[in-house]
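Heads up, the next two complexes both have chain A, just with different partners, chain B and then chain C.
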Partner chain A sequence: MKIAMKIAASLLVATSAAVLSGFGASAQETVKIGILQSYSGITSLGGQQTDSTVKLFMQKYGDTAGGKKIELVRRDTTGPNPEVAKRLVQEVVTREKVQVLIGPDYTPNTLAAAPILMEAKVPSFVTGAATTGIVGEKSKYSTRTFFAVPQLCKPLAAYAVKNGWKRVFVAVADFAPGHDCEKYFIEALKDASGTLAGNLRIPVANPEFSGYMQRIRDAKADALFIFMPIGELSIGILRAVNDSGLKASGIKIMGTGDITDETYIDAVGDAALGTITTGIYSTQHDSALNKEFVKDYVALNGAKPRIGWGAIATWDAMRMTYDALNAQAGAKFDPDKFAAFIHGRTFESPRGPITIDKANGDIVQNIYIRRVDKVNGVLQNVEIESFKDVGFK
Partner chain B sequence: MSSILTVLFNGVAYGFLLFIMSVGLSVTLGMMNFVNLAQASFSMFGGYVKVTAMQSFGVPFLASLPIVFIVIGALSIVVERLIFRHFYNTDDLTQVLLTIGLVFMSIAIATYAWGGTYQRIDMPSWLTGQRDVLGLTLETYRIFLIAIGAAMAIILVLGLERTQLGAMVRACVDNRRVAGACGLNTELIFALTFAIGGGLAGLGGALSANLLGLDPNFPLRYLVYLLIIVSVGGMGTISGTLIAGLALGIADVMGKYYFPQFGGFVIYVLTVACMLWRPHGLLGRQT
Partner chain C sequence: MSAIERLTPERAKAATGYFARLARWNVYEILFWLALAGMYFVPNVDLVLMSQIFIWGLFAMSLDILLGYRGIPSLGHAAFFGVGAYVAGYCGKFGWTEPISALVLAMAIAAVVGWLTGKLVQRVTGVGLLMVTLGLNLILYDLVHRSTDVTGGDDGMQGIVIAPVLGLFRFDIFGRTAFWYALIIAFILFVIARAVVKSPFGLALVGARENPRRMIMLGAPVEGDVSRAFALGAALAGAAGALLTQTTQFVSPNTLSFQRSADVLVILIIGGTGRLYGGFIGALVFLILRDWLAAISPVYWYFWIGLLLVVVVSFFRKGLLPSLETLLNRWKPSKADGPTA
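== the complex of A and B ==
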């Protein structure tokens, strides 16, 4: 009995080894792309959007690039959670042996991942973190396809002053990116010789805005600049600006594109109408490439949830990955050549032309001034002006 | 002068909003002595029921409110019969762990059923914009909140604190065995009170969703406010909840207007001070 078992076991081992080696000989080379986004909890929309975009890209351009088969390794960062992100990066790099990484999302996760990616020489794409100084400064293999905070915060100051809105009130969320944005905007406002009518830092857990609204109204500013994180604060402040009558009093409402993000602008409703924001991408962008992107995306993934910036950042990351793999077709995967191919590259994205900085890997792109309008009964960010090739500093 | 009065009015309206949101918890936690954190989930489902009724079935705003009360009330009876009734005699920590688990489950259920995005909340035009009242320009919806909050407070104080039903509930909570021995149907009374608490929570969600935003994370985001109001007001008293809501609401709005640099801090300082001064809450009974 025992002997029979042993024979059976060794037979099993032998055949499976033969099967495995057989596959190994015939299979083409693969490239593993790690995708580290949040798929659960309140931030799960980010992962959903990334997956929808990757699916669309691979449906369109196939699952091989440069003769190598693409294999995806997905992991859930669960949100801004650096301990989890670090563990997952270690896992996908050492055990799964991913060669390219999309993510992780959020600044704390990006910072936690950078040393590992630098040491393991894994090219990565920052598709969901906007803090300055977290790309080439931390890992020379990283590339940002999202945006950097100053890109969105600075241009509105010049735009406001040019339109005669010289006295500007600044309201930001009271956390690190909010403080950064406040600094960049106020500096740019001074450079454009506008004046600061007042400023407010609003706590990130804040269900009630009326006290702030009255204060802004008392300051009698020409315009109000808002920076809020994506989520209920943006909805709350835009509704409060409208409900309190502040907007009707004639003050111009401006902000970074987060406050009118397509994924929840319908929840803000008509209160969002007329809001002027800076943005890197609007589904309304007028180019053949974008029209095709939007049409294909909606055909594959449905009209809801609407396309946000995470989708376009992922799309461009996939585009560059495929191009870089094609450029080293026939050769073994080389991370240094991969990064060198991408850094310094200029190409047309559905959002418009973008350039990846040669030295830093950060992004240079057009920033669009948009106004919320109703297009065919749907609230949209309509591009009305653009600032060309805005840098990341 | 007019700006001070406007700020005061806004504070009162915010106070009523806090009252409306937390009164459901006040009923279950305060009167039944059951720590039900899932009350915040009932609020969220109330919001979703309202949105679904209005958008999918074309129910007008006012008519959607009783629907929310009935649906969420019925839902809480189901949950009470299936789960909660087995935990009436356990300690507080068990109840907290049980109900916080339910909160996480409710978040997953809402994401599955309605998606992870924020819901569009339509308001009738007669409730939006501003109205001129005695020389002040006031938000219409806030006037509505004050009116409906005051009506709820009167009905609840008279109904639950001054009627036979209220007395029966308190009797059951204080000593269930003796109350049962006196011929009270304690199971029925508990289920009924639970339904009222749940229905009120649902109503709170439906009335606040347009101001607070409605997404699956709603319960976790606002749970802390519910707990603050109920504990500052004192266990087992509807009027205490109302007073706490108004006091903290006014303090919060005033604080944000006069000392914006301290912003949202005021409400927490007041809570701590109040708990040090009166550990059982403003109107709480020593137990």
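== the complex of A and C ==
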């Protein structure tokens, strides 16, 4: 009986201590940052990368900015699921009183969340959705630190024609981003006076690539342009291109950086060698800032999973959040000032210089042409040329 | 029903009395709906989550008409949900912003799709049914997913505008309007579904579930009843889809996904089939747990959901609601007579 009383008493003390310390923390002003990413299912790598990056950033720069304590609220969007994402945005905005949001990821989630963020005046960072025009007038508190589809799809057309690969075959995944990319690439190809050798839309559910390889071979193109989402499909098509002998026939293989994304490229293996892609970031980028970023990231989170674009987009979002909070140090959090501070900014990111467009918060950045090479025995996207300050339209 | 017309007046009266008794509301039912409405006044309750619980509950109830009452397992029920969701989406996109009439239209179109599906599958049974319904669902999903120009494809449909309900209540960011709108529509449709399953038609469905051959010998239109049941189930599912589009003002192919068809089956099975309430109970348990687990452990919550399913299926064989009923009945000697529906 006595023991039971003792346990009960100590529990009571413990809970009241916890409650009191809770009060203690709230005495200092806090800023709540919501993180809405995919943490479960096949898209969980995105959330994992975001968390690793945020952890690194806060380890390096502390958990206060502008005199305010940073508090994180994480939620799982479960992938492209606007029903869940919108509800979570409403929840973290109205109940948790989140002041800044990193996410949600994916285009449908971003679009569904936009009216809420606009009405509640919550600045947000788009770190994982690439469709054109999803930031701008309908969400003037949003800032994109990822990329816009045209940024990746257009420069390759000019690059190919310049190198004498005039006849290009276009193969895209048969879903909205694929249709988008196809449109931009073919437009840019015409502008560069190249010719379209043929085009293909490949279904995203369990495609069998070998049949398509023959059609591409028959078109006798100089180069093949591929757009596939990161993951299984990219692995599949690069392997098929190699195994069918298409690559050995001398056709140039190129595409957006998704197909040789660092997080999956080891699964493709040597079949990926020589692939030319456009990208916003490579861990091989030659700058002091990037070398430091990569070294610290690997030291904290390990070499696997490898650093992808989601990490760099999150890093820059955190960087701007801290800068904007520091700029309004000592004052109450003001979302309008926060957004105004960020929009129109230019700064050096580990990926290279970036500018946030003043009018609509979208990103202007360098696009790099990269080639897959082996560096110290590891497949890497090595930057061989760059297009400066590519716009988002 | 023709069988009743040929009865003597006294027996006909007795039969009517039977259905009247069946349709009487008991105190638990009234308490259940009052409790749902009362959730609004609980401090710090997540109203948006509650509105989505009502929508999932309505959706699960629509599957209950097929699975619980007629014994038709469907793995493609999201198809009807998606049809309703997209119809409401198109209405909002092309200027028909009034929500209630758009909801009715969505139900009507979903009902037609459901009726046609019923015609197609009325002679199929068992595993064949699972395959056909799943196949129809996948075809529709792929169609919407790939027709980017028409549906917005994977990115979802942009530019949906929904006017305030009755011109008065705007869909706000706290989810107040969404809560009441979803609850009231779900309740009205529940009352209709309840009246249908407690009518001779509902009894005929249960009869065909238990013993189709005997029903045919009684002269019941068993096959026609299948397409009628499909039409009703699809209309209710379409209403749930339209509610989701209207309360979130967005629609994407996710509304048609196989995951949704599977989830609704799981919700119904957790709650219990053949009760109408099973869907709502299942939605309450499933969504609140999912939300709670995902908030405390964003990475590993799926594990706990899986565990929950295993526990429910092993300890509450028929689902939560029927198991609780059995428990109650054990204490209170049954006054149940006649068939239960």
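In this section, the second predicted complex is superposed on the first by the 366 of 393 C-alpha atoms of A that agree within 3 Å, B and C clash if a C-alpha of one lies under 4 Å from a C-alpha of the other, contacts with A are read in each partner's own complex, and residues count from 1 in each chain.
We take it that a residue touches a chain if its C-beta (ideal position, glycine included) is under 8 Å from a C-beta of that chain, and two chains touch if they have at least 3 such contacts.
Keep in mind that this is a model prediction, so the values were computed, not measured.
With chain A as the common reference, the superposed partners chain B and chain C fit together side by side.
Residue contacts after overlaying the shared chain place A:T195 against neither chain B nor chain C.
When the shared chain is aligned, chain B comes close enough to touch A:D218, but chain C does not. Once chain A of one complex is fitted onto chain A of the other, the partner contacts of A:E232 are limited to chain B, with no touch recorded for chain C. Applying the stated contact rule after C-alpha superposition, one finds that A:S44 touches each of chain B and chain C. Shared-chain residue A:N206: touches chain B; no touch with chain C.
Once the two complexes are laid over each other on the shared chain, residue contacts for A:P115 go to chain C alone; chain B is not touched.
Residue contacts after overlaying the shared chain place A:G269 against chain B, while chain C stays out of touching range. In the superposition on chain A, contact of A:T346 is made with neither chain B nor chain C.
Measuring from the middle, so to speak, at the Cα centre of chain A, the directions to chain B and chain C differ by 60 degrees in steps of 10. Using the contact criterion defined above for the overlaid structures, shared-chain residue A:Q59 touches neither chain B nor chain C, since it reaches no partner.
Taking the two complexes aligned on chain A, the least Cα distance separating chain B from chain C is 7 Å.
41, 44, 48, 174, 201, 203, 205 are the residues of chain A that lie in the contact sets of both chain B and chain C, per the superposition on chain A.
Residues of chain A touching chain B in their complex: 41-42, 44-45, 48, 174, 200-203, 205-208, 210-212, 214-215, 217-218, 231-232, 235-236, 239, 243-245, 248, 263-264, 266-267, 269, 304-305. Contact residues on chain C toward chain A in their complex (touch as defined above): 44, 46, 48-49, 52, 142, 145-146, 148-149, 152-156, 158, 173-175, 244, 248-252, 254-255, 294-295, 298-299, 301-302. Contacts from chain A toward chain C in the complex involve residues 39-41, 44, 47-48, 74-76, 78, 80-83, 86-87, 90-91, 93-95, 107-108, 111-112, 115-116, 119-120, 131, 174-177, 179, 201, 203-205.
Taken in their complex, chain B has these residues touching chain A: 3, 6-7, 10-11, 13-14, 17, 107, 111, 115-122, 128-130, 137, 139, 141-142, 210-217, 221-222, 225, 249, 252-257, 260-261, 263-265.
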